[in-house]
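The first chain written gets the first letter, and so on, giving A, B, C, D and E; residue counts start at 1 in each chain.
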Amino acid sequence: MISIPYILLIAFAGALLSFVIHHIAPKLRTPVALLTTVLLLYFVWALPANSLINIKIGDFILTWGTTAYGQLFGMLVAVLGFFTVLYSTDFMASKERLGYFYMNFLFVIGGMLGIVYSQDFISLFFFWEIMTWSSFMLVIYCCKDAQSIGLKYFVFSAIGAYSILIGIVLLYSSMGTLQFKNIFGHINEISTGIKISVIILMIIGFGVKSALMPLHVWAPDAYAVSPSPFTALFSGALSKMGIFGIGLVLFKLAAHTGFYSYVQYTLAWIGGITALLATFYAIAQTDAKKLLAYSSIGQLGYIIVGLAIGTPLSIAAALFLAILHAIFKSMLFMATGAVYMRTGTTNMTEVSGLIRKMPISFVTALFGIITVAGVPPLGGFAAKWMLYESLIQSGHYFLVIVIFAASTAAFLYLFRYIFSLFLGQEEKEWENVKEVPWTMQIPMILMTIFVLVIGVFPGLLLDPISSAMQYLNVKPFDYQMSVLFNNWGGKVDMQIVVRSIAAVFILLGIFITIKGYRNTRYVTTKDIHTSGEIPTENENLTYAVDFYKPFERSIAPLLKASIDKVYTLTGDIFEQAFDYLRYVYTGNGQTYAMYVVLFLAILLLFSELIFGIIL
Amino acid sequence: MIYDKSSGKIVDIIKNYARKHSLWIVAYGTGCGAIELPPTMTSRYDAERFGIRGSATPRQADVLLITGYLAVKTLKRVIRTYEQMQDPKYVIGFGSCTINGGMYWDSYNTVKALDRYLPVDVYINGCMPRPEAVISGFIELQKLIEAGKANGAKKYKENLDWYRENQRKVIKNWKMPDYNW
Amino acid sequence: MNINWLSVLGIITTPIIAFIVGVTYGGLTRRITARIQNRYGPPSSQNLLDIIKLYSKETSIQHGVMQHLGPVFAITASITTLYFIPVIKNSVVFTNLSFNGDLIFLLYIMVFGSLGMALGAGQTGNPNAAIGVSRGLSQMVGYEIPFVLSLVAIMTQFHTTSLTDLLAVQKHFADWIIFQSPLAFIAGILAFLGMMGYAPFDVVIAPAEIASGPPSEFGGKYLALMMTSRSIFTFAKLVLFTDIFLGGASDFITLIIKTFLLYMIPVLTGIVFPRFRTEQSICFFWKWPLVFGVLAILVVVL
Amino acid sequence: MKTQNINIEKEIATEIQNTFHTAEVNIKRNKRIEVKLRNDLIPPFLSYAKNYLTFNHLAHFSCVDWIEQNEFELVYIIYSYEKGVIVLAKTRIDREKAEFVTTRHLWYQAETYERELHEMFGINFKGNDRLNEFILEDWEGIPPYRRDFDTVKYATDNFYTRPGREDAKDVRENVTKINKEEIPEFAKEYSVRSLK
Amino acid sequence: MREKETTLYLGPQHPGVTGNMMVKLKVAGDTVVKAETHVGYLHRAFEKLMEQRTWMQSFPIVCRICVPEPDPNEENLARAIEEIEGREVPERAKYIRVMILELSRLAAYMLWMGGQAGTAGLYTVPQWSVGDRDYIIDLFEELTGGRIYHMYIWAGGVRRDLPEGFADKVLRTMDYLESRLPEYDKLFFENAIFQKRAKGVGIIDKDKALEWGVVGPPLRGCGIKHDVRIDEPYEVYDKLDFVVPTHEGGDVWSRAMVRRQEMEQSISIIRQVIDKMPAGEYYNKVPNPLNWYVPEGDAYVKTESARGEFGYYAVSDGGLKPRRVHVRGPAYVHGVSLLEKILVGANISDVAFIMNSLGVCPPEIER
């Protein structure tokens, strides 16, 4: 009963049903969507470990099966899917075209589940396309300027998809099969040129989704305009599909080739630079969602670094961070969404002082940022620790500096995020803001508890990760339920850390509360030291505009001198291309299809040329 | 009551000893007397010997030093600064003009008797008082603190209405936020 | 359940010793500064008196729960950091939890307090506090990078990430890492200047600019707790640097001598330099300290 | 005063006189020229002095209350760094309807002077949009620097005066008494106290 | 509607502000977008009070107009009376006045140096320089009886003759201060970080400086050589040999250098004065102060104070009391219109720094 086709059936049937039922009985569409995700969650959780299904269509055999690696991501998708749909029930309540929204939402979830259970490249590509298309539909769901942003997203997705497609075609032409079990491990049977092409194309293809630096351009805008519940899923789960793919390519294809170390090295540096630059960009943002979007790009950079380094500890760190990133970034996007729902904006220069109005959202955001920052005792620390240890011990001395710079600079934007939205002056215009309804609180609270528990017992997450690593043919590494080890005999016992922190914190917290409790008085944020002056009503006492101006100034030469220009140039070229195309095609439904066809033709032409030379 | 420090308990003795030897002044030069503060604080007279030092914000400070005449405009700021300070807090009136208006007795813009508006613990006379006088004023305050008699803040709290009345009489446009005493 | 009473003793006494030493160092600093400035200066117990006075303030004002907890975050970080540093070499009592964490962990736990304080300062709603936090975090990115470079160089050279192992390496005077890896020491000590926050890197609290910055709304018990935390944290950082570079200490007298000498470096620098602007300070850290750090790593690698 | 070389002053005075025929120009001493003008001629004169005679430094802008004539006297003190000469351009305006035009376009800092005179004398400078509160706060009643404003009365009415200062008034009374009374020759070099 | 920029209050209760005044800053990031000077916290209505008092009774009032440097005020009022009356001053009194003025300039520069270094975060310099300033204060105390307010210069001369051995004391103090200057150079003026912070900050446009009414060290810091002491020599400045230093740049650094060099000049002037001081009367016979009718007339007198041209416009209606005395302090322009102009675009870190370099003294603005 519980098998992969059923899961996919439930997902897609639920999607269609919620679209249909939107027009018949609008009240039922949300329960239907919610029920679908609940069922999915149960089915994925209960899925037997060795299920394998072969479906023969024409010459092709589609194979779906569970692996530990796939199951890891599958569980993530199912859990996040449930949380985000639960979150949507109230968040989206007042929006229009909800049938469309839920249908695409469930399609995305179904597509992702399909990807993780695919055991051949055809079905992988098929589900990849489903995911991409329906996520594109959701990006353009919301507002007016979403169209152009959606186009940008679509173009990059198309580039990615066709890179993958060409890779698949090359594989098929040289190996005659697309089954994972026939390809993985037999990659050395084909010529070096094709191997290189396939690996590069696949990494580009999956790199687009995981917003690897040269291909990240779509991400900030697409994250910023899509509705918050979907942003949570987008950044949390969807981007992890790219990681999933890169993991497959790296360890199942590239690992057996002679040029593996080059791939590793290049990818690691690309990841490191992605992390650093994205962090710097995030610092300069004023929109909370864009800030988080850049933060996501940066975090994905860490994950890529971890995967690319390829030591057991680093891979564990990468997968750990991948799962954790899904959780904490969803928390942050949900908290931001909560703020957006109540105030109507995510501009950090406008919103301020919501902590007393929205305590649950604040706590979620607080735990989120502590996790992102990697400060003990929450889960983020274990990931960061494993990553650094593996980097240092595998001899990537300068990469560790780049990563560390990015990670320290992350404090800047994280503080700005939580300060601007929740702390600071409690302004009059946000006087009537209330906490969000319980359907939105529950996912936030559950995920908060999750990061707390993972912080104490990283082993809970490392168990499935180590079995996933077994599937990826990586050597096992040492860990206990709450103790992490490195190769040089260093260790961190999270339980002792958490215990000592908690003991001191609680003891002194009680002390400071009891001490002079009666004479401690609460004053409003208007009663602050303003040099004796009394501020007038319209004066702004929140420091929010250009929060990190000095820092931006000191990194300006770094960004301005080299990379910024390249990006602007690239961006300009793309923009102009879009503009030109928009002039040529009048912007109706056909345009995009035509455009994609054109792109495909160019791509094929180029790859023919390039591969012709190599071969 | 918390202010009654003649209880002789060892805790109170320690507290008063510490309070006495750690007097932080709000950095507010309200009048021309502020010119004698740099010599007082720096190498020649070195008030830091007695634990006296400046503090940037009223939240951390203990002593409000009214260095001279108070213009009405300044009085408003001084009251706000004083009310933002945390108990126990002390006020030192510095210079003749805080006592009776000094040479500005007929000016339309300065208040003539500081203790009508703020509870003054120690007055230092002179125009202007020498750094030695300032230090001796502080030592006078230290003696009062040790004896548990420097309770101007308590007086202010108890007679808030009277003080408010006086303050409002002078400050025409009372746009102050009211504090929850 | 068997409890090691000696380690319980260590857990209780270490913060107290750290506080007393830190607070006395603070007082001594003020005295030394005063002497250089041609004056007598306060008694060495002045900082202790200040803290007692602040604790004995009757009223305290808070703007919300994060301000209430901000100092607690800070002191938690200080004490926890201290617990994970071996204070006295090979001592049963003062080793505390140092076997359960390593240098990377220490790097991160040290930030815990800053983050908490930043949140507390943020809640006060004072623009000066926010500016101070913005400056502080920016500067932190500045000095953390050379510090990590120096740590990476040392960790690579000795193939360990554990402080205890580093102590074991430096058995004799000539084995001290300051002699074995002088470049790393230079990078580390320059970062240390920034970490201690004395001039020229005191842009965070700059009274003449932003009226003491982040702590500007903290008074009474909150400020007292912050100052307590600062004393402990100063000591913790000093012990950390002594352990890393100066071979640690096997008794208290050596510890006091070494930490005091180390402490005098930022203090004496602070007396004769004005403060940098924020971006100047960041650029400073990204210039020479960075070069030294990179050189230190290159020396180890090649 | 000593006889001084005042050639350059004479030159400037003639030049001003030739341009502004109604102006009453007189050389007070070396480096001081007094120009009395009709009040509508002040703006052209100042702009002429600044642009043609290099008087580009507005040293001072003052107002004197001649309550007896019911007039305010406005005094622009301008200085030429090249010539080293100060010109005091004076004009009189009506005290009841105190209005004048701004000279902010000539000297940016004139704005500050005008703000002060507006506050202290109640003169309205047309064209200056920043005549807001400058020194006083929430001031009610007549502008304080007008001579009909009695600061002693205001102070005693509004502020609590500590007992023991009564003799302070005596000093003032003594002063006025001295004005009228014949002072003995022997007392001329002594202070108030000895007179009592 | 809430403004977009953050409002920062620099003063009145603020360690960075020079005295009791307020600069309301609107900042975006750490850059000042708009600055507004608010004064009036020290308004005692001196000009009104002077109208209530006799000319002589005004002397104790005017010295309180500028607290760090009261003597130019006394000098100005005395010379205003003398000019209206046509009263002559004995030669010796003129020399003593110049000595007093230069001593007070030196004291003011010592205090400025402390302030400038203190706002930059170098707290050792104020400790030293304010302590050294006290030696000058001691001289004043011996001569006049007051540390801060001297009431020494008055119409017709000075109040007392120099006590015995005073000239030697002054010379000894000058020797000491001169020996300290290299130390200040080492610690402060040659400090790399101070130079880094001061150069290119708070720039006054050279072309606009004269038109904006910039005077004193800020003007000379723009490379424009103007000083009341040479433009319109008063007392005996035309008989003394001194240089008016200028410095190109118009920034905080050049203003600091100008002041630094003027300190040497002041010391040299004081030595010359003591060297050349003639014997004789130190005051001319004056009427009874309480019965001193000043003839009708007006006068504008100016003195070069440590912050620039200090002008008094005094009008007498022939009565016992002044009709009007209007004070023009250098800070009146520097602290309001100039400060508001040059703070735009400055860094928050530099606001107090720039303010100090202009020598803004609030009691001069509102009096």
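Please note the rule applied: a contact is a pair of C-beta atoms (placed from the backbone, for glycine too) under 8 Å apart; a residue touches a chain by one contact, two chains touch by 3 or more.
Keep in mind the model is a prediction, meaning the values are calculated, not measured.
J.: What is the minimum number of touch steps required to go from chain B to chain E?
T.: Steps on the shortest route: 1.
J.: So which chain is the furthest away from chain A, centre to centre on CA atoms?
T.: Farthest chain from chain A, going by C-alpha centroids: D.
J.: Return the chain label for which the distance between chain Cα mean and whole-protein Cα mean is smallest.
T.: C
J.: Select, from A-B and C-E, the pair of chains that is joined by more C-beta pairs in contact.
T.: Ranking A-B and C-E by C-beta contacts puts C-E first.
J.: Which integer distance in Å separates the CA centroid of chain A from that of chain D?
T.: It comes to 73 Å between the two C-alpha centres.
J.: Take the average of all CA coordinates in chain B, do the same for chain D, and state the distance between these two points in whole angstrom.
T.: Spacing between the chain centres: roughly 39 Å.
J.: Can you work out the whole-Å distance between the CA centroids of chain C and chain D?
T.: Chain centres of chain C and chain D, defined by C-alpha means, are spaced 61 Å apart.
J.: I'd like to verify one number: the distance from the centre of chain B to the centre of chain C, where each centre is the average of its C-alpha atoms, in whole angstrom.
T.: Inter-chain centre distance comes to 36 Å.
J.: Which chain A residues touch at least two other chains?
T.: 519, 521, 523, 526, 529-533, 541-544, 547-548, 550
J.: Send over the residues of chain D in touch with two or more other chains.
T.: 136-137, 144, 149, 151-152
J.: At which residue positions does chain C touch at least two other chains?
T.: 37-39, 57-61, 127-128, 131, 134, 207, 211, 216-217, 220, 277-278
J.: Per the touch rule above, enumerate the chain pairs that touch, sorted by label.
T.: Result for touching pairs of chains: A-B, A-C, A-E, B-C, B-D, B-E, C-E, D-E.
J.: Quick check: in the complex, which residue numbers of chain B touch chain A?
T.: Within the complex, chain B contacts chain A at residues 2, 28, 57-59, 76-78, 80-81, 84, 87, 175-177, 179-180.
J.: Using the touch rule from the top, collect the residues of chain C that touch chain A in their complex.
T.: 55, 57-66, 68-69, 71-73, 75-76, 79-80, 83-84, 97, 100-102, 104-105, 108-109, 111-112, 115, 118-119, 122-128, 130-131, 133-135, 137-138, 140-142, 144-145, 148-149, 152-153, 155-156, 159-162, 165, 211, 216-217, 220-222, 225, 277-279, 282-283, 286, 294, 297, 301
J.: Which chain E residues qualify as touching chain C in the complex?
T.: Those residues of chain E that touch chain C are 6-8, 14-16, 30, 117-124, 127-128, 131, 187, 191, 193-194, 196-197, 347-353.
J.: Which chain B residues qualify as touching chain D in the complex?
T.: For chain B paired with chain D, touching residues are 72-73, 76, 99-101, 105-113, 116, 166, 169-173.
J.: Which residues of chain E touch chain A once you look at their complex with the stated criterion?
T.: 1-7, 9-14, 17, 22, 24, 27-31
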